[in-house]
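Down below are the structures I want you to see.
In what follows, chain A forms one complex with chain B and a second complex with chain C.
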Partner chain A sequence: MSKLNRRNFMSLAGASGAALAAGVGTSKKALAGNVTFENGGRDFSPVTGKERKAIPTACWQCVTRDSMMGYVEDGRLKKLEGHPGSIRTLGKLCAKGQAGVNQVYFPDRILHPLQRVGKRGEHKWKKISWDAALDLVASKLKPLRDAGTPELFMYQYGRHKASQAATMYDFMGAYGTKTIGNHTSVCEAAKWVGQESLWGGMYDNWDYDKTDYVVNFGSNQFETHTNHIPTSQRLIRAMVDRGVPLYTFDVRLSNTAAKSTEWVPINPGNDGLVMLAMINVIMNEGLFREDHFKYMRVSADHHATTDQKIAAIKAEVAEFTPAFAESRSGVPAAKIAEIARGFAKAKSACLVTYRGTVMHFHGADQERAAMLLAAITNNLDTPGGRVMGVGAGWSAPSTPAAKIHKGLHIKDGFKGEAAFPTHHVSHQVGPVIKDGHAGRPKVYWWSCYNPAFINGDNKEWSSILQDESIMPFLITSTITYDESSQYADLILPDVTYLERWDWEDMVSANQIAEFYIRQPLIKPLGEARCQGDVWPDLAKRIGFELAWTDKKDFVRQSCEMTSGVKEAGGFDYMMKEGVWHDPNDKGNYGFYAKEVDVSGDGVILDAKTGVYWNWKKAGVASEADAMSAGYLGTKGAKSSYVAQHIEGKALSAYAPNTSFTKSGLLDFYSDNFKGKGLPAFPTFTPTPEHEAMADDELIMTTYKVAVHSHSRTTHCKWLAEIKHDNPGWINSKTAADRGIKDGDAIKVHNGLGEITTTAYVTEGIVPGVIAISHHFGRQHSGIYGSGKSNPIDGGASPDPDAKNMNWKKHGVHPNAIIPNSSDPISGTQRWMDTVVRVEKA
Partner chain B sequence: MNKIDNSKTGRREVLKGAGTVVAGAAALATGTEVAEAAGTAPRWAMVMDLRRCIGCRACTVACKAENDVSLGRFRTVVQEKTVGTFPNTKKGFLPIMCNHCEGNKEDGVPPCVKVCPEYPGKRMTFETPDGGKIRYRGGATYKRPDGLVLIDAEQCIGCGKCIDACPYGVRSFNPFVKAGKKPENQAADKCDMCKERVANGIDPSCVNTCQGRARIFGDLNDPTSEVAMLVKEHDLAKNVLLPEEGTDPHVFYIDPDNMLGKIYKKRTKGKLDHYVDLIP
Partner chain C sequence: MATPRNDMKEMAIARANVYGLLADVFREEPSESFLLKLAEPEFSGILNALDFSLDDMFSNISHSQLTEGLALEFTRLFIGPGSHISPHESMHTQARFGEPNSLWGASTVEVKKFMEAAGLKVDDSFSGMPDHITAELEFMQQLLLEEAKAWTKEDNGIGINIQNIEKRFYDEHLSQWIVNFCDKVIAAGPHPFYKQFSEVTKAFIEFEKETLQDLLDEVSEDGRLSA
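Then we have the complex of A and B:
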């Protein structure tokens, strides 16, 4: 049933409806004859048997944003499950997604605007009207705009994507601020920076439907991943249905490691080194495939022959023998060689990486090593390999930007902190603001973000928010009271994702873009308001108009202007069906091999790089000037890139469509990196803190479990019930050395502070490491997340189920002892490099 | 793909293929159940393919939501256990739920039904898909001719005997539903295989959301159903929980790595702490 497309899904639903007419209820003829079980799409009350109202929508518990069905009974949301017509999710939804119902009805939800009346952190609030709240916001924002200093209004978001981000950016552009922060540096920025330096646009997908072999470094995708449901189910099915092996390198026996063909324990920070050793084996044993070499640049020379490239790669990785890799990583040299051979010889293979690999010192370089390993085996952008992901490309209404449109330079960390902060250094926004040298916002508004919980050294972040002299006015849009909103001056009650409109665009696992929407399943509770409805209202109060009236209008207009969706029936179609994809789409493969017409006016070939570029489009005065300055010597020339000259043809290759100026070749040798004093070619750079470790010190790593997002689910009772405490995973030998037994209270400490948790003594982690999941230790997360009701009245109804709650532990937050410390390449927060001491408490 | 086929030939074929299922056939003609007119009920069953279970708990939570299961108890859980010595460590996952037992060979009555003071209760008729009628007896806990072991809260007195008697310990009191016949007590509760969804041709909620397709639901009496074919192909008749109890469970496990014996945490008599989904 998993291959149902939308049309036969709907027609089946109809057929079974007809069969049901014979008699509804148990023991009736409903099951007569040849009714086929449907893969969801309809749901029935277990109490009354009545069919529930089914509405297609989309999840938001994590960035995967699965398309799904919501089932409503008498105006109350009862159930969520995967959308059976979705080519991404194939009708599945994870535990977090299933618990989305809890987001609406948790008893500590905030359902009316609140204005602070006591000191920050005193938890004294008064309930005010939306009218008063927005007038107050306008009274803060309008003067900044009128004075020509719109940049003094900063907005920072955690999870904003698709139309939620688009509506926000539209408002901010029309208002005039570019001081907009995100959260990507605590997520996986190093991964994207590593990729952008090579193939341009980022987000790798792993083509599990077609692959024959999978090697996974540091991704726990059977539990949690930024595209979890679409990828995870395909991987486990590939393994069982087609015998595809999966090798997982991880410090910890995650569920993914547990279900792998083999768990390969590895010391933290050495993933890139093991990849380089695999490359060493593959090159020296002649197991590489030359197919993709023509797209690769591996030395300063843009025109090297394949033989020269082979020699160059061999020379670069010569020192990274499997034996050397074993000495640092703990992975046996023979195992490295065995997996390298299997990977190279497989018909197709996926090289997977995620946070375990990249949230380290030089994490971006480790990602570059992963790309190299994929490329030399012809598993980059080929069916069954590591492929460039595709998502839906929506068109949307847009409002002209304000005449004065500028930002404070406070998003990219301290000066010199990161060479390529293309996804910003969000964990340092607070400290940089406190420092003050780059200016301070007068108004700071955050949404779907909890900086005083999710960043490193979160207590420092907390003190920054609490100090009124640093930022005088704080606004938050939130559904719950938390570590950050407790310091706000104004709390605006946001809707949950189950009460709002959006169009969505997350990457497909099968290389075919899926367009899908989110629509409200119920009316927003209380006075909760969607931010997308607030922006146009606020704009009017400040004195400008947006090109759309509310979020629904934005989504409606987008559906009517997006090619494909529009022809399928636009907004009406999407409301009814929820998802759309182009049935003729064959999937995004081999885009780089497309021949390009270079006869256009102004197109010239740059001799040094082999790039065809358009000097006229680049704004150069004459062709002679362009030839003389060259492609790399002309500022902004990358935006006039046309094609790459490869083996006598002009091919689209890997266009430089990010902030990196490069040719159309995969820049495994990077002038950008070299220019900043960073390794031009992927290499192994030891982590300074690890080199300086004393014998009794351990490395602390963090991780996610299957049933929680980082910071937005602890109040979901069905998830908290399954996981609410976070003991430290410690190897039995490491524990024994310290006299620690399973269940003992332990202290974990370093220069930043100390936390106390219990020891989970296990054989499922490498010695020398302590792993603590990062969801818990909430100061405020309501009754289910923190064991106590929040110290404010949010106006939500009590949950009679609360009396059945039977857990008393609520964990500890490791971020308190993790410094905000960035990968010097990408600005990524180095979650996995923390050095600690552990002893019995 | 669980196409329901109620042809008698088909049913005989599957019975030949799976020995222990014969108890089910016998039960129809013995005990308290009465076969009336010609008619063949489906025999609902679940196959758990442990190769495919990734321990994601989507089933646990889907069940919570579908049935609004109160905190502190479950209708299905995933047990997990880590075994071995580093670096040769393994971890396995075991989804468990009500086994919808056929009952012992003598009388075809599951242990939970046998102890129910309200069983046999009112006379019920099961209309088979092929138009026949099978008469059977209801109760606070009873087995329907399609094999589902169900609870009728209206008939329940909240005595808890079924909760104690279940060797698997998958029953609990529902704090939100009164026992119909003795409202000062709470009614017993457990997995009903999402009977309203099944009645309407929709797969159970836990099955629906299982990403690996580790949970497969269908009619064992239909030899073309996936469950029947899997039971036959993997010879699962004895790959059930506690086969020695003679309860004839109808949740079968595909378990080529023999994880079942390593992971399964049995109930301690009088307790239900094995039936809690808790990630360490």
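Then we have the complex of A and C:
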């Protein structure tokens, strides 16, 4: 190429002019408007011309989904802060939330639709238009629908909540597929199944504003809790302002344990046993409170007296003495008794559990033990105790479901794997599809989900996604190139949560529902499109219409049809204020004690269970038939539940709102469990793999750190700078037995494979265990998470700031040696039961 | 008749043409019709005179195959996933603003303000950000066409004013990153199409440095062009 001078420049200009005049380039323009210097245009002061807008919106970095404020300057998101008007968050936002800015602007972000042109995993892509992309999707989906097989389209999601989920389900219903997978089994399904078997619903809250005593099993409350910001600050305030003690039972000295009144180290899988021992102490020392016993069923008899119930509970927990619990859990019997007494004697007390308790063999039963401990001390659904959470109840537009609306039975694991997979067995979706006996989807679309990273045995998941004979056509909606999207046939660039509309409904910490919305802070970058905008477009291409035109319209309609929000000013009010709650709401306490009118047509009392139910609503032919079959003997009768007969009154009690058919009593004695050969009453069931361990084997547990979600934050450089490596925590004695010193490279292995990490030798973990967090060891997801931005060897990062990346380690992914293994009760993934050997590398 | 104003107008239109062409090159993958035009002797002859040859590109391959190949190359070079050369100024120059590089960085804001101050904004249909190379080149094209209008209307004041704005935009933005950007593209071992056009772009941006100063010097030295 010659250097340009004026003469040859004019040749180039001539050629350029000819090309432009011929219109042979694109006719598109980057800029709109006209040059208007004469009219002044817009002017900006170089010093003071900045106009910063504060826009209420909501976080999505984790499921807590805090309401927050986004500060936008010149079309650029500058800062995120808590929403000062929120009764949930009280104006706070965690580090993850504040780093949400990184989600928008990280340089490795996917910004255009990409079609695979090489083999799966070969990383060869072609940018295509949205029109071409959606035409391609429609060409795959329409024939399935037209052929009456809509179930052969499977959609699976990770984080979908509120209107993000509602819009998706509306589309899927109108399309006709019920083959919709989630991710809950890798999260905490056992906790919900345990609760649903008792109080009919799910999601407990802890009334820290009113409590006097807190006992925490396996929840990293101060770092990563599912409702982190709303609850953590309230617990801290309770401890500091009111001197409330916090006892944390945990395998590891988490930051929550470190900030507790006392960390009580406990061997993995024994939380429920310690709770049963606490119940033993409380019952035998007469420290229980009878207030809630009338709502409890603890034996086969629905009508047992309080004395009979006391006797039954004592009998059930008799073998679980503190001494026995000590022998398995490692917690001193005296400590168990001390905390049991403190818990029972406190005016009010919270019993907290989470993944450390439930992600085990029979994890759901351990949650049932927690509920029993709360109930016998009258700390269940009472102020200051463990209460049923409340979130916003939105009304929303709805499209009629398709005439053919069905699903493949591939969401609940293998046959017989889980007795009550009410939240499905998401980690086994891939293996079940591979197995093929329950059918295989022809199109598999996942969103905000990374199955080849977040599930157990993730390498197996990778191989399944890579195999076109198992998974014929793969679509993903994503913002980042990751372990799963590398195998997609079509990548659709999703917006970040800071570029889209939603209404939100996460549970409040103060029992008063808060309605809040998410609104876009900026225009989506590149060609990123919100899925809520894609669904109506795709529906038209397939041949049907939705009841809303785009996500904004869905949110607008919802605001105008939701009682309370509508009267407050509807969509305009929510756009301006972001949050709304009923100022007259006193909080959701004691709902179970409300008297119910049972005089309605068709309502009868079932003598066996004490349930008032409506036989007409249940579809029974006659009252005589209903009386004969009884409430429990009538299929679907639970949907016609009206009230529970308690002490001469018809009370709302604990209605069976989920898939469990039960009375209005807390089913601590569960016919459902018994019918499946499971313990009817909460008990201790040893973990088979742990019972069979050799002397040199350890239990591997996983955990979360404060600044990362499972798989959606390692590309956020502010967070990766804080945490980017995950050494294995190992007790000094356990390490010494293996000749391992702090900082040594260690191999962790079992029959599934081997990983190498470094040893963090500490007294902050119980002996016999190695704990490795599960965020790191990314294969892809950008330079900050994986250390490489290019899926193919070589190449530089598109982000020159990467030269400032002062860390070389990017961790290791423990899921490679964690099998997909389900709790036989709930189908939850048993993250905390893996048996390994550890040795110096 | 050659007058100083006609010279200025001719030069403005000529520069606008080049800016416009280069803006198209980096906007998206080239269309088959565009490639066909490049292959015409009339066009390629002019390019050959600049030692700028795309002839090899067309040999032994159909135009449709070439179009498909360039679509993949455009994706690899400028889109990703993974390592790519972002065609945005903020990914190359943030250090002078004391901020790390990111999409929608401080320089993006500066460019956006500059454009808005001139009455222009990024079109809703354009998927790039305001500091995308195409937007910046097109912005210069628009300024130059406006400058040409001013010379046609014999409004020396506006013409000179726009020249100064072009110089400022060039100094503050184009000169800060496009040569470096082109070097990165060339170093990535691209398809000849992008190698050649990156070299042309680089040469043109370097040429513009002298040209802009020369034009302003001419204005100040020629009393017939005073405002």
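By our rule, the second predicted complex is superposed on the first by the 779 of 841 C-alpha atoms of A that agree within 3 Å, B and C clash if a C-alpha of one lies under 4 Å from a C-alpha of the other, contacts with A are read in each partner's own complex, and residues count from 1 in each chain.
Everything that follows uses one rule, which is that contacts are C-beta pairs under 8 Å (C-beta built on N, C-alpha and C of every residue); 3 or more make two chains touch, one makes a residue touch a chain.
Because the structure is predicted, anything quoted here is derived from the model rather than measured.
After overlaying the two complexes on the shared chain, residue contacts for A:Tyr592 are found with neither chain B nor chain C. In the superposition on chain A, A:Asn804 contacts both chain B and chain C. Once chain A of one complex is fitted onto chain A of the other, the partner contacts of A:Thr762 are limited to chain B, with no touch recorded for chain C. Once the two complexes are laid over each other on the shared chain, residue contacts for A:Glu73 go to chain C alone; chain B is not touched. By the document's definition of touching, of the two partners only chain C reaches A:Tyr105; chain B does not. After overlaying the two complexes on the shared chain, residue contacts for A:Leu114 are found with chain C alone; chain B is out of touch.
Judged by the touch definition given at the top, the superposed model places A:Phe222 against chain B, while chain C stays out of reach.
Applying the stated contact rule after C-alpha superposition, one finds that A:Phe153 touches neither chain B nor chain C.
In the superposition on chain A, the residues of chain A touched by chain B in one structure and by chain C in the other are 1-2, 16, 19-20, 24-26, 28-39, 41-44, 49, 717, 800-801, 804. Per the touch definition, chain A reaches chain C in the complex via residues 1-6, 8-20, 22, 24-26, 28-39, 41-44, 49, 73-77, 104-112, 114, 117, 123-127, 481, 485, 491, 522, 525-527, 717, 780, 789-792, 794-801, 804. Only residues 13-15, 17-18, 20-25, 27-31, 33-34, 36-38, 42-43, 46-47, 49-52, 68, 71-72, 74-76, 79-86, 91-92, 94-95, 100-105, 108-109, 112-113, 115-129, 132, 134-135, 138-139, 142-143, 145-146, 158, 161-162, 165, 196, 199-200, 203-204, 206-207, 211 of chain C touch chain A when the two sit together in their complex.
For chain A in complex with chain B, the touching residues are 1-2, 16, 19-20, 23-46, 49, 51, 78-82, 91-99, 101, 222-223, 229, 232-233, 236-237, 239-240, 253, 255-259, 263, 265, 705-707, 717-719, 721-723, 727, 731-733, 760, 762-767, 800-806. If you check the complex, the residues on chain B that touch chain A are 1-6, 42, 49, 51-52, 54-58, 60-62, 64-68, 70-73, 82, 84-87, 89-93, 124-127, 129-131, 144, 146, 175-176, 192, 194-203, 205, 208-213, 217-218, 277-280.
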